[in-house]
Amino acid sequence: MKFGVVVSEGPYTHEASDTAYNFVKAAIEAGHEVPRVFFYHDGVNVGTRLTVPPQDDRNIQENWSAIAKEHGIDLVVCIAAAQRRGILDENEAKRQGKDADNIAEGFRISGLGQLIEMGIQTDRLMMFGD
Amino acid sequence: MEDGIKKFLYVNRKAPYGTIYALEALEVVLIGAAFDQDVSLAFLDDGVFQLTKGQNTDGIGVKNFSPTFRALGDYDVNKLYVERESLEERGLTEDDLQEIMYEDEDDDWAEKPSIRIISRAEMADLMHDQDVILSF
Amino acid sequence: MSTLHTVNKSPFSTQSLLSCINHAKDGDAILMIEDGVYGAAAGTGVASVVAEKAGAIKFYVLAPDLAARGIDTSRLLDGVEAVDYAGFVALAAEHDRAQAWL
Amino acid sequence: MSTLHTVNKSPFSTQSLLSCINHAKDGDAILMIEDGVYGAAAGTGVASVVAEKAGAIKFYVLAPDLAARGIDTSRLLDGVEAVDYAGFVALAAEHDRAQAWL
Amino acid sequence: MEDGIKKFLYVNRKAPYGTIYALEALEVVLIGAAFDQDVSLAFLDDGVFQLTKGQNTDGIGVKNFSPTFRALGDYDVNKLYVERESLEERGLTEDDLQEIMYEDEDDDWAEKPSIRIISRAEMADLMHDQDVILSF
Amino acid sequence: MKFGVVVSEGPYTHEASDTAYNFVKAAIEAGHEVPRVFFYHDGVNVGTRLTVPPQDDRNIQENWSAIAKEHGIDLVVCIAAAQRRGILDENEAKRQGKDADNIAEGFRISGLGQLIEMGIQTDRLMMFGD
């Protein structure tokens, strides 16, 4: 079965991104597919490579980047939500005249259409948020 | 699901302005309208506050997005279900809500109201009749 | 000695207003802001909670947040007074401490 | 046709569990996760809300979230079943749709 | 306020792990302990859940910060007020909470419990007796 | 009178940073002083210069930078909360081996001691959060 997953809250602040990660891991272990995870609202903040969590805590961004690489998951950060919150890739930074970007490995910035498409193409849509 | 058309329900349970969920839900609805799916919006609990008329955000410096609801008809989004019990608990009636209209192409483009007040039991039935539920 | 309490959550969704009222002392003030302003309207399912305490506690509501949500001041509960940001600042200055019910 | 509902908020703070229960249909399942797991314990002020519906609706609770909060499964309400993440995935697959009560 | 010492109250009303407020409140308390102010902690509503014993976060992969409460005595933070009504509504008793002790330097370093169960009315009095209230 | 202000939620996501801004403006207009605003929890996200809000909406970061400059307000972003969430200044980026920083003009990163100090040195502490 194909699961689509939405993460709606930022890392560390809310458990949503942890629960989503644990769900995705378990789904893959059970033989299901997770073609895409869509990061919306404050969830876009999961996709910055600039976080420095305490050494005795988990690294949420790196966990997502790793599982995405291993299992070919498309990690999509919503462009509209990301602009409001200061998450940019190199192209967006250039386009907006910003002197830095902060997107993490394995994440890409794209439109809300990717969320709708995920809802159409997967068998179940799971939302994790506040 | 017939002909690849899925039933999408956008569930709105939060008040506007205090948090961004209502505004960003509306942004999904507008984009989603391009995908030719069977779209409904549900407003219950504090979500019914999103539709009240007379919102004026000048004093808080935040963007007033309530007029956007009136544009939904142009995007063929015309099923806005509002829960009666949620309105009543909040001291609201249908008259407190914006008038949101659409033109029915199957009825000689007659203007019709997009807002449909339904009971809690009918809201439960509506939720149960969906393929994809997006919660905000 | 008195406290200015601020409540910023809808009383229909969370227990914040109730908890605030349960811990406020006579002579304190409660100011409803942001989504908390819904607690100031008459004719709702939670209005009696506020109405019962109005008098012992002074209730205020932030007018710009009310207007944003389309609530006319004519709909306010008796005993709830609308203030602007300048009024908010004045309340904070007049009371001995501020407590936010986040 | 049935729905898996997820509730992730404490029932002592917000109305989410109550609203979910009020909209769930017979044969649906409600899974309590994150701070929602507090709704699964016996002997609390909200336990009766769950107990009354257990049967018509099947209640589950996410065990890793329970353990994080120090709630032993021996304290669960009758009729509430603890599942791990694999169980969460299985519930999502078994039901026709998932609805998150955010 | 005497001798420049202010009374600081940290109010904890949220459950642990679902959100970060409880953990980041504790981080403020630890830093604040260096400032020689008169510090109290209040636990009410879902905040009482922060102090339960037996928390094991291995299954969710989140850091378990509950042992840190037991270190507060070493920082001279030893007034942890817990509201009885909040415990009762949640089906909890004092036995469900961690044992948190401190050594009383004014009483020959005798070990004493830091947690004090108080009534809602006493909690209101405590809040009313502060200079600075930090809410989490 | 001196007001200390704490902002505990991120920009756009929650009204807290708007309410705090409007409060600070009104306090200054009434003749009070606001020596410092402390950004904690997701409030640290107010201090990124990479946000690109829609053109018909307010720019929360720029509003804070402007009022701080005009009235000499010390905008402090908590270092511990900022590291978890990926808000860095040039020094922190260097120290943590990160290839970019994102702090906005007028904001500085410092420790939680600045929050306690603000509580001690001001007459009223106002918290704005979720």
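When the chains are written out, they are named A, B, C, D, E and F in that same order, and each has its own residue count from 1.
Keep in mind that, in the parts below, contacts are C-beta pairs under 8 Å (C-beta built on N, C-alpha and C of every residue); 3 or more make two chains touch, one makes a residue touch a chain.
Quick caveat: nothing in here was measured; it's all calculated off a predicted structure.
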{"item": "Common touching chains of chain F and chain D", "value": "A, B, C, E"}
{"item": "Contact-graph separation of chain A and chain E, given in steps at minimum", "value": "1"}
{"item": "Label of the chain whose CA centroid is most distant from the centroid of chain D", "value": "F"}
{"item": "Distance-maximising chain from chain C - centres being C-alpha averages", "value": "A"}
{"item": "Interface sides of chain A and chain F: same vs different residues, half threshold", "value": "same"}
{"item": "Euclidean distance of C-alpha centroids - chain B vs chain E, Å", "value": "43"}
{"item": "Approximate Å spacing (C-alpha centroids) for the pair chain B, chain F", "value": "35"}
{"item": "Rounded Å distance between chain C and chain D, as computed from the means of their C-alpha atoms", "value": "33"}
{"item": "Centre-of-Cα separation between chain F and chain A, whole angstrom", "value": "26"}
{"item": "Touching two or more other chains - residues of chain C", "value": "8, 12-13, 15, 34-35, 64-65, 84, 97-98, 100, 102"}
{"item": "Junction residues of chain E - those touching two or more other chains", "value": "17-21, 45, 60, 62, 132-133, 135"}
{"item": "Multi-partner residues of chain F (each touching 2 or more other chains)", "value": "12-13, 15, 19, 22, 41, 54, 80, 125, 127, 129-130"}
{"item": "Every chain pair in contact, whichever chains are involved", "value": "A-B, A-D, A-E, A-F, B-C, B-D, B-F, C-D, C-E, C-F, D-E, E-F"}
{"item": "Chain F - residues contacting chain C, complex", "value": "1, 3, 8, 15-16, 19, 22-23, 25-27, 29-30, 32, 124-130"}
{"item": "List of chain A residues in touch with chain E within their complex", "value": "12-15, 18-19, 21-22, 54, 56-58, 63, 130"}
{"item": "Sites on chain B touched by chain C in the complex", "value": "14-19, 45-46, 49, 52-60, 62, 64, 66, 88-91, 96"}
{"item": "Of all residues in chain D, those that touch chain E in their complex", "value": "8-10, 12-13, 34-35, 38, 41-45, 47, 63-65, 67-72, 75, 84"}
{"item": "Contacting residues of chain E [partner chain F, same complex]", "value": "4, 6, 8, 20-21, 24, 27-28, 31-32, 34-35, 37, 132-135"}
